[in-house]
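Note that the chains take the letters A, B, C, D, E, F, G and H in the order they are written out, and that residue 1 is the start of every chain.
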């Protein structure tokens, strides 16, 4: 991807099944993305380089997924003024509580916007990037309004299905 | 504030000493803000109304601070497509772990960008809003770059002070 | 259900296998119920509407089941003076601790009566609604007394079975 | 109190400063109450006796406050079909998480309606009892509607105060 | 069992697979036991009755196994001066942390001797009862000394096996 | 103390203010005790020696108080067949949860009877030792029965005081 | 192994599948090791003996793996001045949080260097021992530099693979 | 300090009161040290530079102290093959549990040797560095043996003091 709008970075390619939820959310809104593997600990220069070069490439937001002692989002945020959105990975003995604390408890000065642990968090990371982009894109903003309406309608549909199943409506 | 760029909403005016860190961060970058009290539980219509009206007023991001069963950020996010940034309040018997979980563990579809518990989180919420605004404001982006450089320089200064104190350099 | 005595609302139809324990408990006492899907975040107006209209429909108690950042019970309680009983869903990376804290740690002014995480909690939510209704229904109160006696007798029976199995009585 | 509507039982008289929040909430709605000290462990017969005799005395709900291994609410619920509302006390090395888990995680069959840890929970326990009583008392229901409106108005007032303080409205 | 030395009580017969570890440990030392089902909540009178009658039957220690809001051990301890040994059950959404806190955090005056969550705890509950009985039974004390020596020897044997497997000794 | 019945060992003399609650409980029943400082880590031979020599000195139970990574009780239990009763110290960054887990989660084979964190636990450790000794001492058993009755009576007295204060009886 | 450089001790041979990750890491750098089973509780003299004899045998570091109330590392550290590296085992009801706290929260005076829970921790324990040995072994230090470079290159390779899979490079 | 043996790096100069415990421990053994302020997030290049240059300066171990989302140790470990020893700072809403998890849960490949939260951990970090240096310094090893003996003797002395105070020896 020459000039992606969003850069998705994960600490290990084993995180792809979770982090592709972010990519799907971006695709649904026509937002371009690049997905990269870079580790805060095993390839720190690459990670820092991706972050520090991102703004000049036109990237508008970085999504970082990592597990256990999840330093990736903080390490990226240290190297860029772009919004960094973090997704704590589940798994490991603490099932993501360690990753959540490592991501969300950033000291003052270097914000990291943390989402829920796992797939819901990855999807929301994508949507949150869309919300940021929609601030400067009226068409995308309209699509977000429709997306919200569709979610409400889907709840409605599931409620109708449940009533039908219960034979009670 | 007629047309603030950022709307800071807190569940109780007892949260002001924490949430004013967000306002200070915004002030440092010349970002206009409005600070309001609205409760997800005690004044739900007001909270929803502030959120649903925000985009039309030109607001670009909403910062929500709340404690214990901190539903405020989620309730606001349900009513707007603007980015919602959450600050869990410390205090209460669980000292903010409840607020953190209530804010960060949002289900897929409604993102809430959660910051650290307490003042560091409030400050970062302000800075994160600045980062979002800087995507469309080159001067603000430059200021952020300078802010990052100043932080590094401040660490440098504190290190020099420490060396002096230790009489070891 | 035209005029249910109890309204069971859940954030997602995937919660039905847990929440039907509440319905079964109500059925056992002849209490009528309506089970609905409504999300605090994806369909907030619907959720608020169900809650605010409930009292006028003759509903006596609302049971709310939700997971992760489980705001549903609090959002419903904000819109009604009816007793709201909450059931935290298990599942997710934190397996319901997040839902428990999001439900039980309500600020003063808006009570939510929280039950155990999962099926035991859903069953007890139903029974608790029955206990409330029995305050004004002597026949139902008698049934509750019998139910308690039957529970004690079932423990007795299981103890006898165990003694038989152990060949020790 | 000859025939209180609500029975407030606490494991130790050191819990009075927390539990009197429940009494105040009941007083605000003209609900009569009796406050007693009875321990699940040190005076089990007294605790059981208070619970088993309550219904015949016309009590409509029992509020139980206890700390650490807080068995009181469960022990009372075992002896009555009245709604039992639990308030976990803060304090001790775990500051109420132990009391919360001991109260809320009741097994199926014996519901205990758990409120937040500490004063907010005690206040809400009182309000929840009022909500139960209001099901059969239209005047009390109207008062609850007014109470909710007054809470919203108080938020409004605090918001206005904040605007005044900020000199920004 | 006419006059068991140890009374094993569990809240549900589903706890047998865990609690039989206690019985096995007692059997290994020739200690007689009775295993009963009695619930602190569903059959409180039975539970209290078993505890209060135990001393007169010649019982020397009571072992109580229970899960979630595990009040059983505390409720038994309230009714007897015999040593009560508690085994928190694993399982449920919190996997026994709730049972552990409910058992171990007893207030001053009513001791409950808590063991580890699950099978290791049940086995140790049996061994601890043996240790108590061995205070007045020199033959049993000798058997305990041999048991300890056999444990050390078993570690030795497993170490030798490991060395053999590693082909390194 | 030539031949104490109970040996109280603590990892640091800073634990005396907590552990003297155990001594007071023993004194109240005329049980003799010896209180020693010995560390599982700083003086392991002394700790092991105290434990392995205890039985021959006529000691009937060992009470161990320790904080943070509280290995003391387990290390003592490894060296004796006497009942070992553990008291987790509060304090430190985790306020005793670490000590609790380090004491209660013993593997199968080496039981440690764990009490509550802090003073309540220390008092109960003393009482539990009394309960063990009372198995072979009818007079002490009678005193325990009286102690239980006095506790119930004290609750009664506090309840009467509360009624008087409330002016409601 | 006559004179191993590293001694790997585990509390149970069931820990081999985790602890062999440490051995593999040592093998990769040509470091000799001995793997032993010794329990802090079931064979305390053996455990202490292995630790106290290690330095004289030329051992340079001890790696200790244990679960639940994991006292092994602390008990070994009490008997040696060699660096002791701890690996908390996953499993049990608390899945290693108990082992982590039991290992890492050592009091001042007796350091234990704690690694992550489970296989990652075991691997890192091996690598950390290599890092210590490399301080006095320039060839090993060079190998560590290469190892780090290879890790970075592997991340690079996985990133390339991901790009190929995504068809986006 | 031209060529310190140990490099102590902390994320903020507010950590000095904790981290000077490490320096004191090093001083007690005549180990030279340099104490620096460098932040993983605010001055990442400086932090990385200190770590990557350390080995060439003759540094033998790095001690890193940081709080909340404590990435410093991991970020340093990514840049050096020297042993990195981590000290989680207490404080913040989670009082160091976040720092502990952020430091200890490192993924395989990049070890960080984590000590206890706070001053005990800082002291032990210093001692652990001494233990590493003592592997190649027989005089320092002898001093460590004496240090251990002195600790045991101090426990002995405190025990004697306690006996004197109790008037029981």
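In this text, a contact is a pair of C-beta atoms (placed from the backbone, for glycine too) under 8 Å apart; a residue touches a chain by one contact, two chains touch by 3 or more.
Listed by chain with UniProt protein names: A, B, C, D, E, F, G, H = N5-carboxyaminoimidazole ribonucleotide mutase.
Keep in mind that what you see is a predicted model, and the values were worked out from it rather than measured.
Q: Touching chain D and chain G alike: which chains?
A: E, F
Q: Would you kindly count the fewest steps from chain E to chain H, each step being a jump to a chain that touches the current one?
A: 2
Q: Among the chains here, which has the CA centroid at the largest distance from chain B's centroid?
A: Following the centroid criterion, the farthest chain would be E.
Q: Taking each chain's centre as its mean C-alpha position, how far apart are chain B and chain D in Å?
A: 34
Q: Could you grab the centroid distance between chain C and chain H? Build each centroid from C-alpha atoms only and quote it in angstrom.
A: 51
Q: For chain E versus chain F, what separation do you get between their C-alpha means, in angstrom?
A: Chain centroid spacing, chain E to chain F, equals 19 Å.
Q: Show the residues in chain F shared as contacts by 2 or more other chains, in ascending order.
A: Where chain F meets two or more other chains at a single residue, that happens at 12, 39, 42, 68-69, 92, 94, 97, 104-107, 109-110, 112, 116-117, 120, 148, 151.
Q: Pull out all the chain pairs that touch, please.
A: A-B, A-C, A-G, A-H, B-C, B-D, B-H, C-D, C-E, D-E, D-F, E-F, E-G, F-G, F-H, G-H
Q: Can you list the residues on chain A that touch chain C in the complex?
A: 88, 90, 95-97, 116-118, 120, 148, 151-152, 154-156, 158-159, 161-163, 166, 168
Q: Given the complex with chain D, which residues does chain C contribute to the contact?
A: Residues of chain C touching chain D: 21, 55, 60, 81-83, 85, 100, 104-117, 119-120, 123-125, 127-128, 131-132, 134-136, 141, 144-145, 148, 151.
Q: Can you check the complex and tell me which residues of chain B touch chain C?
A: Within the complex, chain B touches chain C at residues 11-12, 39-42, 44, 48, 67-69, 71, 74-75, 77-79, 92, 94, 97-98, 101-107, 109-110, 112.
Q: Sort out for me which residues of chain E touch chain C in the complex.
A: 1, 12-13, 16, 34-39, 42-43, 45-46, 68-69, 92-94
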